[in-house]
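Look at the two complexes coming up: chain A is in both, with chain B in one and chain C in the other.
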Partner chain A sequence: MKLLVLLSWPYVRKHKLRMLLTLAGIMLGVAVYVGMHTANLTIQSAFQRTVDRIAGKAQLQVSAGETGFPEDVLERVQSLREVSAAAPVIEAALATPQGTLLVLGVDMTGDSSLREYDLEGGGEDVIDDPLIFLAQPDSMIVSRQFAERSGLGRGSKLTLKTMGGQKTFIVRGVMKATGLATVFGGNLAIMDIYAAQAVFGRGRLFDRIDVGLSEGVSVRKGTAKLQSLLGPGFQVEPPQSRGAHFESMARGLTISINMASLFALLIGVFIIYNSFSIAITQRRGEIGVLRALGASRGQVRRLFLLESIVLGVAGSLLGVAAGLALARGVVPGLAATLQDVFGHAVSASEITISPPLAAFSVFIGVLASLVGGYIPAHAAARVDPVKALQKGRNQVLSEGENRLRRRAAVACIATSAALIGFGNGNAYFYPGYLLGITSLILLSPSMAMWLASVMRPVLKAVWPVEGALAADSLIQAPRRTSATVTALMLSLALAVGFAGVSRGIYASLIDWMSHTLNPDLYVSPSRSITAKTFRFPASMAGELRSMEGVEEVQPVRNARVMIGGEPVMAVSLDIGAISRRVRVKPVEGDRDEMVRLASQGKGVIISDNLSLLRNLHRGGILEIPTPRGVLKLPVLGSSVDYSDQQGSFLIDSKLFQRYWGDDTANLFRIHVKKGQSREAVREAILKRWAGSHEIFVYTNEGIREYILRLTDQWFGLTYIQLAVALVVAILGIVNTLTVSISDRRRELGVLQAVGGLRNQIRRTIWLEAVSIGVVGLVMGAAAGVVMIFFNLHMLHRDLGGLRVDFVFPYAFVALMTPVVVLCSFAAALWPAESAVRASLVESLEYE
Partner chain B sequence: MSKWIAFLLASCALAQDPRQIVEEVQRRNRSQSQRYEGTLTVTSAKSRVTQKRWRYERTGSFGDSKAVLRFLEPPEVKGVALLVHNHKERASDQWMWTPELQRDRRIALQDRSTRFFGTGFSFEDLEERDAGQFDYTLLGQEKLDGQMCWKLEARPRQTKRSQYTHSYLWVRQDLYVYVMVEGYKNQELLRRIAYRDYENVKGLWTARFLEVFDTKRQSRTTMKLEKLEYGLPMKDEDFTLQALRRPL
Partner chain C sequence: MIGLAQVSKTFTGKRDVVALHPLDLTIPKGEMVAIIGASGSGKSTLLNLIGGLDHPTAGVISVDGRELGSLSDDDLTRVRRDKIGFVFQFFNLLPSLSCLENVSLPLHLRGWPRQKIHDRATDLLRLVGLEKRMDHLPDELSGGERQRVAIARALSVYPPILLADEPTGNLDSAAGAGILTLIKDLHERLGTTVLMVTHDMNVARACERILQLKDGVLLSDARVESPAAS
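Then we have the complex of A and B:
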């Protein structure tokens, strides 16, 4: 510790900027990790909190996926002696000018035994009249927060968009801003469940039943009793399980967040490595003196490791603070994305701070710092006191060292290929992935030097003096160069990897949409086609068919059902009718046969990702729990289908209606007669239902744009992380150049002394920076190919089983080229100015 | 004379058997049908007053009867109805009809303890309590409202699902009618119902005024019976869900 104060502190004070840059490297890495995880955690916690508060005293919830179930189930549940209270619930999210309003449809005659409706005024009496509340379908209770935001009070009118168009509700009660009323950021409204059925087009179905158990009945016993009474078509679970299902739906997001965060940290490691390598180079004299005075190698190593720990702690703490700020900014976007992609509304007004996450982040920040600082610390310990004053030698990599790295890289590549090629499962894939990345890192110094050598003649040809000096500076200081290049390579590889995957997904989606989404118009009850709040009554299909210009109407009902404890999207439609218009692309099975049998209700066509995720193949049996019992249907084949990340299956609508008792529709696909104006039909539909139903009519292009916009939203979060990763890498370049200038102060001073112009010095430094950028870019693009390969594999294996074609993002790389070159150039501006403005005498005296 | 003594002794013995007291109350109150219009006034703890009117019709023997209660006023609740099918051996079946929604809903057994649409009554209080569903204990005699009463304790049998662990009943000794009923959950008094203004209508002593005090909410509900009639001809089919759906 004494050495730390005596030796390290003066150095830090002298090189504040570099220390700040290094600190920023750790801070940003940790900030991305904390920020993205906190945002994700905030959303998950907000969802769970909403579930818990809404559930109130309910110990169990009965549901049937997202499909709902007939009302008679309620009486069956209530008939059990083990059940002390059973209250049906409908949950819906409505868009209002004050944000999304969560509307709970409950049966107020019995619901208060499960939920505390803490009403303003101190009692139930403040519902103007409970009987009027039940008797009038326009009755609503709102939370105090929502009432204040909307300027409402008891007796006020509130207009909301419903299945029946704009509808005016009367506020007949205001809940205190406590308990239940605080869910969803206080945007909560309660209405009678039977009125809610009509308002949200639920027919005679309930979304779920909240259950309170009789005294002395354990949750386990209650679950078993209810499950045996209702059969496997129903999920009987504690409310907490809904949070777990939500988490499982958003698993893809969590994995990408983890990957990008770890990459950000890895890049941080290289920044630290670089910074410490530089520090050791600069302090070799100091180390030599220390060693000459009797300091042991261990003491020197510990000194530098301690420095990296101190730096790691400081950077990590700053990173945690910055991460929490980042989370605050990210949460609204993340919530909107999850709502749009999964149809689940989440409201998180405050971020959830997790002390274990913060502690772990500090730990990995310090660990990253230690890892980054270890090799330089080891090198410092091995400094020969005699050679310590021989400047420059330490930057040279010996051929033996290089050979060793190349051999290790080859071994890593071979092992990685063997693990991925022959191994089965994540236990082989992820180590293979890690080894693949390690091999890139090991190869990067040799590759960087080779590329710099290749560039030297080009640079020399264009700028004979400055070009040659810049290239030589890179080649002669491989340690300094390679760490920066590696950091830049990793960030670009990460960016190229993600861009490649996103291009691949776009290309695959566009291909899928071109043969699947071919109707002229789509009629949806919500602006978001994934929202499940509203549904159309079956009768509307007939009315649409009778409209002039409409040739065919295909109702679609999709809802997640629970298969094997995980949600899977059921897509119910008239398969016979659809197949006449859509050419299903089979991955497994004969197209005509699977369509014929599926349209007869003799099986299901599953999505390719469901096939992979559940290891289900043609001829296998898909056991689908339904409210009428388990439906065992043969898998007729699989096709490419991007309906849901957790897989989907196509089921004929007749079969779906029979087993789920649900003939409503989420969407109508409409084909317009030849020669008829699509726009005219669209207008006619909107006019026909204006005022009676809330509908949205999308054109074919509109729906494609919508889906691509959702995909954009999904990737939008990743782009934030990529941007931070790039900033970290750019910091690395600034750092390297700053040191390069310090290292070469004498050299640059001599250059000036022998007549070198200031502009020549500037250009040399600029060229050096741009060269680092170009080398990093080339290596990043190459490493990006490897990253795309790994990412596609990961997408296929763990992120929804999606089969996406390999697409190299040429446009992205083309876009990144000027960005990297300009950023590298910008990074060189200050060091270049500092070099030319330095005192010539001091520069010549340096060393 | 000996006949008179024997009769008096028999009367005393009868009077002191709590079950027989309750059975006698029920016997004396028996009618094949009943109709009245009630005015219900609820006064909350904060002195907020709401008023409603309903028409009540009942047919069938006590404990096994069917009843329909239809709200007449205010206009927002007009037509809302409650159908009650009482059973001797088990809890009643109850359904509510809301004309604006055109929907009926079953009042679940578990929900019987909840308040009857904001009044001091619970849905359970609207049931006819057949003596066979309770065990009775005679606690003594007390004077209430100037009348000598038997004080009984009623505890629901295992087959009976009730919000009350026990109730105290005060029965007027001269008329065999209830003067007051208190419902308890363990030691906590939940509800007190007082019966007043007894009047003999077609040989049946009937309270024309009821007052319910909800101790939890500190609210007071009074019910005034008007147009009270007994023995009217009523048809069973008027006490079904289909009949409930008919417009008023």
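Then we have the complex of A and C:
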């Protein structure tokens, strides 16, 4: 510790900028980790908090996926001795000028035993005599916060968009801002369940039943009793399970966050490695003196490891603070994306700070710093005191060292290929992935040197002095530049990998949409086609069919059902009718036979990703829980279908209606008669339902744009992480250049002494920076190919089982080229100025 | 050719250090001058000021009729490029460039055509006896050979002035003698004005004039009657 104060502190003070850059490397790596995980955690816990508070005293909840179930189930639940209270619930999210409003439809006659409606003065009569509430279907109770935001009081009128068009409600009570009323950022409203059925187009269905158990009945016993009473078609679970289902839906997001965070940290490791390697190169005279004065190798090693720990702690603490700020910025976008993609509304006004996450982040930040600092510390301990003052000697990466790296890389590539090619399962794939990335890291110094050698003649031909010196600087000091080039390569590989996957997904989506989404118009009850708040009554299909210009109407009902404890999207439609318009692309099975049998209700057509995720194939049996028991249907085949990340299956609407008792629709696909104006039909539909139904009519192009926008939104979250990774890598360039200039101070001084003008000196440094950028870019693009390959495999096996074609993102790389070149150039501006303004005499005497 | 009027240099810091007290000096064209003195006497400071590598605290320096103090940084660089060649004690060759590239460096910086650069650099390397070492890197040469390359580089634009800071200080006596002979030979053949800082009286005696500095003051300015053959 004394050595740390005596030797390290003065070095830090002398090289403030470099230390700040190193600190920034750790800080940004940790910030991405903390930020994205905190944002994810905030959303998950906000969802769970909402679920818990809404559940009140309920110990169990009965549901049937997202489909809902008939009212008679309530009586069966209530008949159980083990059940003390059972209250049906309808839950819906409505868009209001004050943000999304969560509306709970409850049965006031039995609900107060499960939930406390803490009303402000004078409203007790509403709860004490639920009949008052029931007798007035326009009654609504709102939370204090929502009332304040909307300027409402008891007796005020509140107009909301419902299935029956704009509807005015009367505020009969205002809940105090405690308990239940604080859920969803305080945007909560309560209404009668039967009114809610009408308002939200639920027919005679409930979304779920909240259950309180009799005294002395354990949750396990209650679950068993209810499950045996209702059968496997229902889910009987504690409220907490809903959070787990939500988490499982967003698993893809969690995996991408983990991957990007890991890369950000890995890039940080290289920045630290680079900084410490540089520091040791520069301080080898000091180390030599220390060793000559009797310091042991262990003491020198400990000194540098201690430095990396101190930097790691400081950088990680700053990273945690920056991460929390990042989370605050990301949460609204993340919540909106999850709501749009999965149809689940989440409101999180405050971020959730997790002390274990913060502690773990500091731990991994310090660990990353230690890993980055270990090799340089080890090198410092091996410094020979005699050679310590020989400038420049240990900058050269020996051919032996390079050969060793190349051999290790070849071994990694061979093992990786064997693991991925012959192994089956994640236990083989992920180690193979890791080894693949390791081989790239091992190869990067040789590749960087080779590329710099290739660039040298070109640079020299254009700028004989500046170009040659810039390339030589890279070739002569591989230790100085290789870590930066590797960091840049990794961040660009990450970016190219994501871009490749996103291009691949776009290409596959566009292909899928082109043969699946061929109707002229789509009619949806919500702006978001994934939202399940509203549903159209079955009768509306007939009315649409009778409209002038409409040739065919295809109702679609989709809802997630729980299969094997995980949600799967059931898509109910008239398969016979649809197949006349859509050519299903079978992955497995015979198209005509699949369609014929499915339209007769003799099986289901599953999506390719469901087949992969559940290892379900043609001839297998899909066991689907329904309110009328488990429906066992043969898998007739699989087709490409991107309806849901966790898989989907097509079921004929007649069968669905029979088993779920649900004839409502989420969407109408409309084909317009030939020669008729699509726009005219669209206008006519909007006019026909204006004022009576909330309705959105999308054109074919509109729906495609909507889906692509949703995909953009999903990838948008990833781009934040990519940007941070790139910033970290650019910091590495600044770091390398400041050191390069310090190392080459004498060289630059000589250049000026023999007649180099300031601009010529500047150009040398600019060219060096741009060369680092170009080398990193070329290597990043090459490594990106490997990343795309791995990402597609990962997407295939863990992120929705999606089969996406390999597409190299040429346009993205073309876009990144000027970005990287400009960023590299910008990184060189300050170092170049500091070089030309340095004292010439001092530079020439610099040792 | 070179004129100094009341030129002084003080290094400012926590404590100001006077490196050179006000000094007047004139060095005519074609003269070979040695500057001698103990360490810290101000001889390198004087050389750096004349070479435009450093700025005086006071006084006027003129080189070939141009006052250095009135020039911008780039104009000063142009004066160095066109009028002055530098030879350093530690050679200061660029390690990544070959001998030919090192000698070509000032010519490239002046924007000469490639063929002309190649011809001139080849001629100069031949002149210093290194025609067989053209593609070698500095690391592959002996100390004497490196200094020869440095001299060839300094002479690449045939500058009228050659400033040499301890050119033999880092060489053994045989190599040192060889370099001195070379400088003297070039001075005689090209008529170059030479200013050479040295500790070595034998080297100094090979010059036509010796300036002796002590604690930043010009102690003596003596002409050597018959410069020693090197």
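Keep in mind that, in the parts below, the second predicted complex is superposed on the first by the 840 of 847 C-alpha atoms of A that agree within 3 Å, B and C clash if a C-alpha of one lies under 4 Å from a C-alpha of the other, contacts with A are read in each partner's own complex, and residues count from 1 in each chain.
Here is the rule we go by: contacts are C-beta pairs under 8 Å (C-beta built on N, C-alpha and C of every residue); 3 or more make two chains touch, one makes a residue touch a chain.
Bear in mind that the values here come from a model prediction, so they are computed numbers and not experimental data.
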| item | value |
| --- | --- |
| Superposed partners chain B and chain C on chain A - clash or fit | fit |
| Partner chain in contact with A:476 - chain B first, chain C second, else both or neither | second |
| Which superposed partner A:86 touches (first chain B, second chain C, both, neither) | first |
| Touched partner set for A:829, first chain B, second chain C, both or neither | neither |
| Where the C-alpha centre of chain A sits as vertex, the angle toward chain B and chain C in the overlay (nearest 10 degrees) | 150 |
| First, second, both or neither for A:710, with chain B first and chain C second | neither |
| Partner chain in contact with A:78 - chain B first, chain C second, else both or neither | first |
| Which of chain B and chain C A:321 touches, first, second, both or neither | neither |
| First (chain B), second (chain C), both or neither touched by A:136 | first |
| Shortest CA-CA distance in Å separating chain B from chain C in the superposed model | 83 |
| Overlap of the chain B and chain C footprints on chain A, listed as residue numbers | none |
| Interfacial residue positions of chain A with respect to chain C in the complex | 392, 464-465, 468-469, 472-473, 475-476, 746-747, 749-760, 839-841, 844 |
| Residues of chain C that touch chain A when the two form their complex | 48, 51, 53-54, 73-74, 77-78, 80-82, 86, 88, 92-97, 101, 104-106, 108-110, 114, 153-154, 157 |
| Partner chain B, residues of chain A touching it in the complex | 74-75, 78, 83-86, 107, 109-110, 112-113, 121-125, 127, 129-132, 134-137, 192, 194-195, 198 |
| Chain A partner contacts - residues on chain B that touch it in the complex | 42, 44-46, 48, 50, 52, 71, 74, 76-77, 80, 96, 98-101, 103, 105-111, 113-115, 117-118, 123, 217, 219 |
